[in-house]
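Chain lettering (A, B, C and D) follows the sequence in which the chains are written, and residue indices restart at 1 in each chain.
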Amino acid sequence: MKEEIIYHIDQNVLELNNPVMIVGLPGVGHVGKLVADHLTEALDAQKVAEVYSEHFPPQVMVKEDSTVELVGNRLYLARTEKTDLLILAGDSQSNDPAGHYKLCEIYLDFASQFKVKRIFTLGGYPTGVMTDENYVIGAVNNADLIEELKEKGIQFNPSEPPGGIVGASGLILSFAKFRNIDAACLMGTTTGYIADPKSSKVLLGKLCGILDIEVNMDALDEKIKDMDQIVEKIKDSVSGEESDEYYESPATDEDLVYFG
Amino acid sequence: MKEEIIYHIDQNVLELNNPVMIVGLPGVGHVGKLVADHLTEALDAQKVAEVYSEHFPPQVMVKEDSTVELVGNRLYLARTEKTDLLILAGDSQSNDPAGHYKLCEIYLDFASQFKVKRIFTLGGYPTGVMTDENYVIGAVNNADLIEELKEKGIQFNPSEPPGGIVGASGLILSFAKFRNIDAACLMGTTTGYIADPKSSKVLLGKLCGILDIEVNMDALDEKIKDMDQIVEKIKDSVSGEESDEYYESPATDEDLVYFG
Amino acid sequence: MKEEIIYHIDQNVLELNNPVMIVGLPGVGHVGKLVADHLTEALDAQKVAEVYSEHFPPQVMVKEDSTVELVGNRLYLARTEKTDLLILAGDSQSNDPAGHYKLCEIYLDFASQFKVKRIFTLGGYPTGVMTDENYVIGAVNNADLIEELKEKGIQFNPSEPPGGIVGASGLILSFAKFRNIDAACLMGTTTGYIADPKSSKVLLGKLCGILDIEVNMDALDEKIKDMDQIVEKIKDSVSGEESDEYYESPATDEDLVYFG
Amino acid sequence: MKEEIIYHIDQNVLELNNPVMIVGLPGVGHVGKLVADHLTEALDAQKVAEVYSEHFPPQVMVKEDSTVELVGNRLYLARTEKTDLLILAGDSQSNDPAGHYKLCEIYLDFASQFKVKRIFTLGGYPTGVMTDENYVIGAVNNADLIEELKEKGIQFNPSEPPGGIVGASGLILSFAKFRNIDAACLMGTTTGYIADPKSSKVLLGKLCGILDIEVNMDALDEKIKDMDQIVEKIKDSVSGEESDEYYESPATDEDLVYFG
């Protein structure tokens, strides 16, 4: 870690077939992160690059076997029939504003090196209200993408989100434009208060339609059930009907530990 | 974005006629920003330079057509009869203190390159009270400017503002002095709590007098009406006379989204 | 201090015998710091290196003789029968996130230079509850260490601590792995609210077992007694039974001045 | 301002006679700043160097004639019979922790260039209580200084201040030691809540004794009277006996605008 940012790329990766990059980092409702993490597991993707940086929090995560892993982001490759997916996933976004600029430049270097044709950044769109209806809002770096994405069920509303898009999901779109790579940000609506695997499932559904792939969603369904139970508990607790087994939280999955 | 700051200058801009730089960036009451944005539109100015930097927030704005634009500042050129105006406008000032120094140096590089004779930085002067009377306070980097500006209706009060001038509006004055360019900061009085297009109109009026130009103010008048309605609503709401149509906000103009 | 980080190494230190590095910097409950400071005094260790950096707080400490000492970290050497201990102790961790990365790299440079075979970073594990039972949780950078440490009474729980390990105690483990040096983080359970010499004593006991050394604990016992009195006072104060002599605090030891 | 720090030294300053540096920057109760500013005026000192930096706040001050001055620090020279005083005064200390390190290095460069024999940094020592008795606490970078300073009325208490000395007043002592220049920090006791010209006068009195100089204190006495009136008003206001003329503040002196 003598450098501000270090990254390693697996030099054995051969030519990719119609490569598309998917970016799902922590953010609003962890909607994007849950999709990227799920995709990585469900498609049994292999790690092809990793990034560590002093712009990430100075922290290690402890894995199940009590060994540590430095906080960073990792790029995984999953080969599907019609496209090779490069999935960027990780524990954290940049810790400081300037780091977002520096790290996103690295992510675009990956895209250039692997000759990526298109990038989809995934995130959550906070609505502030609980609802059973989830949809996906889009923003693009090239207006030509809009019609195609609308056909796949992505909504486009003028100047939405009103406050713009903060962090890697937004910057990558502009940086990709500088390199003439088409990119879209797909945002699943969510309350903005808690991790939202339900929104992630809707988002993943749309993404599969766009990419023309099929992905087993069992693990995501499991997370939705866990989260529903947590929400139920919270509601009970608030309404005073808290049951005795309150402290036996059904979810130990740290992916669901999110407070917006 | 490999560099800390990148900027592009339109190399096709020919010699300018008596060039004057106007700086109106976000700040107190968005008074300066509203003037610069209005001038750019009303005079149909063309973009001649743009600045992006890791000192800006790591964010993109979404435009009406759902395409994104990286947060940055932009320099526009409007040719008028007696003077060519270079208008610096943008979404943000520096995100961090040191960035103000670095970015203002770039703005002065623009001024030097275009052989600017004089710079006016525009801002708001927070008074903390609501009043129907708006005036414009000045500060200069060369005492010789004071008499001339007084004649055009700018007020000069000893050591005002008492806390100095924070951000680009102030730094540019001192940096211009290092380069022997005359510069004045013109500050419209405002409450400091909300966006204040009324103060902007008064400030723009004085600026037109100084520059000897005429500018159509219709769009600014529209913003004043919108803002008056918003203020009325807020007053009603506070006094408990909130009407039913409260949530149909008349203004969707994001330039008015400002809270001091 | 022209450089971002400066450090000096005592060039007269001869070859070390089975060198082990112990890292005990300020952190949760000062559990690690109290152990490192105690070891340094109890083993009469000599200073062999010092580190100053703009990543530390811009501050000097005033010593008992009214002379000042710049905030920094220091490496001490204590030779024992079976192993030579290099103890890293200090007033502060990095003041900013990126500094942790830079400083830990320096600490690993020490480890490399002195051909350290194994590193133990010491810290506290906040439980949020007061209890008389203290134990020590471990995390490692090499799974091969776990069995050996379990035999010495260190507990390993899957994915604990759930939030990972923040600061030098964690980063050093990952950085050591990059250099193929085995390292473990040993964390004494503590409330997380106040300095906890009792937890430090339990942690030091385990560490002595691992290193096969004996250390006089009198000074640490003294601190435990002081802290017990402080806690007693606080309890009395909270319960309204505050006695008159409240303000004659028994502890003037600044090592105990800690609020989590 | 292309550089992180820029400074200019008056190259016409001839050899100095027994040069001593006095540092009085903003800090607790502005005790040190008030002394340095007073000394500069009372001794009619001439400016011999100035420092600007992105580590200062991005701000200009407006002078009485409505011209602006970039926030920075300035070094003044006052020649007295037995010693030439180099007085470092300014509007601000570093805005960020690392900047303190960088700026203090520049101040020591001044000291080296002018062959300074001794440095006195001046500050306030917050006691939290209002009292009529002011005294001066010392800390040194060389124990040999203590006896001499005690004879001049400076008090030395073991390990005081307990939290060390933050900012330039402390760092300069340690940095001076690296360059073998004797230095002491003299701290006037003060409440820590408001600007305290009374403490400054006591501190200046001791400093004059140490330097064997005489300084007219009229302007400082004036400030003390102003401050007494302000405090009186505040007391009245708190006790509900606020008089009508409350808003005619007797002091317009911005040096007294300080809230701890």
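As a convention for this text, contacts are C-beta pairs under 8 Å (C-beta built on N, C-alpha and C of every residue); 3 or more make two chains touch, one makes a residue touch a chain.
According to UniProt, the chain labels map to these proteins: A, B, C, D = Proteasome assembly chaperone family protein.
All values derive from a computational prediction rather than experimental measurement.
J.: Can you tell me the least number of steps between chain B and chain C, where a step is a move to a chain it touches?
T.: Counted as steps through touching chains, the separation is 2.
J.: More than half overlap in residue numbers between the two sides of the chain A-chain C interface, or less? Answer same or different.
T.: Answer different: the two copies use largely distinct residue numbers here.
J.: Turning chain C onto chain D with a C-alpha fit: angle in degrees, nearest 5?
T.: 90
J.: Where the CA atoms of chain B average out and where those of chain D average out, how many Å apart are those spots?
T.: Those two chain centres are 37 Å apart.
J.: Per the centroid of Cα atoms for each chain, what is the distance between chain A and chain D, given in Å?
T.: Taking the average C-alpha coordinate of chain A and of chain D, the gap between them is 53 Å.
J.: By the document's touch rule, what are all the touching chain pairs in this structure?
T.: Every pair of chains meeting the touch criterion: A-B, A-C, B-D, C-D.
J.: Which of the residues in chain D end up touching chain C in this complex?
T.: For chain D paired with chain C, touching residues are 94, 97-98, 100-102, 104-105, 138-143, 146, 156-162, 164-168, 170-171, 173-175, 178, 185.
J.: Which bits of chain D are touching chain B when the two form their complex?
T.: Those in contact with chain B are residues 1-2, 4, 54-55, 57-71, 95-96, 254, 257.
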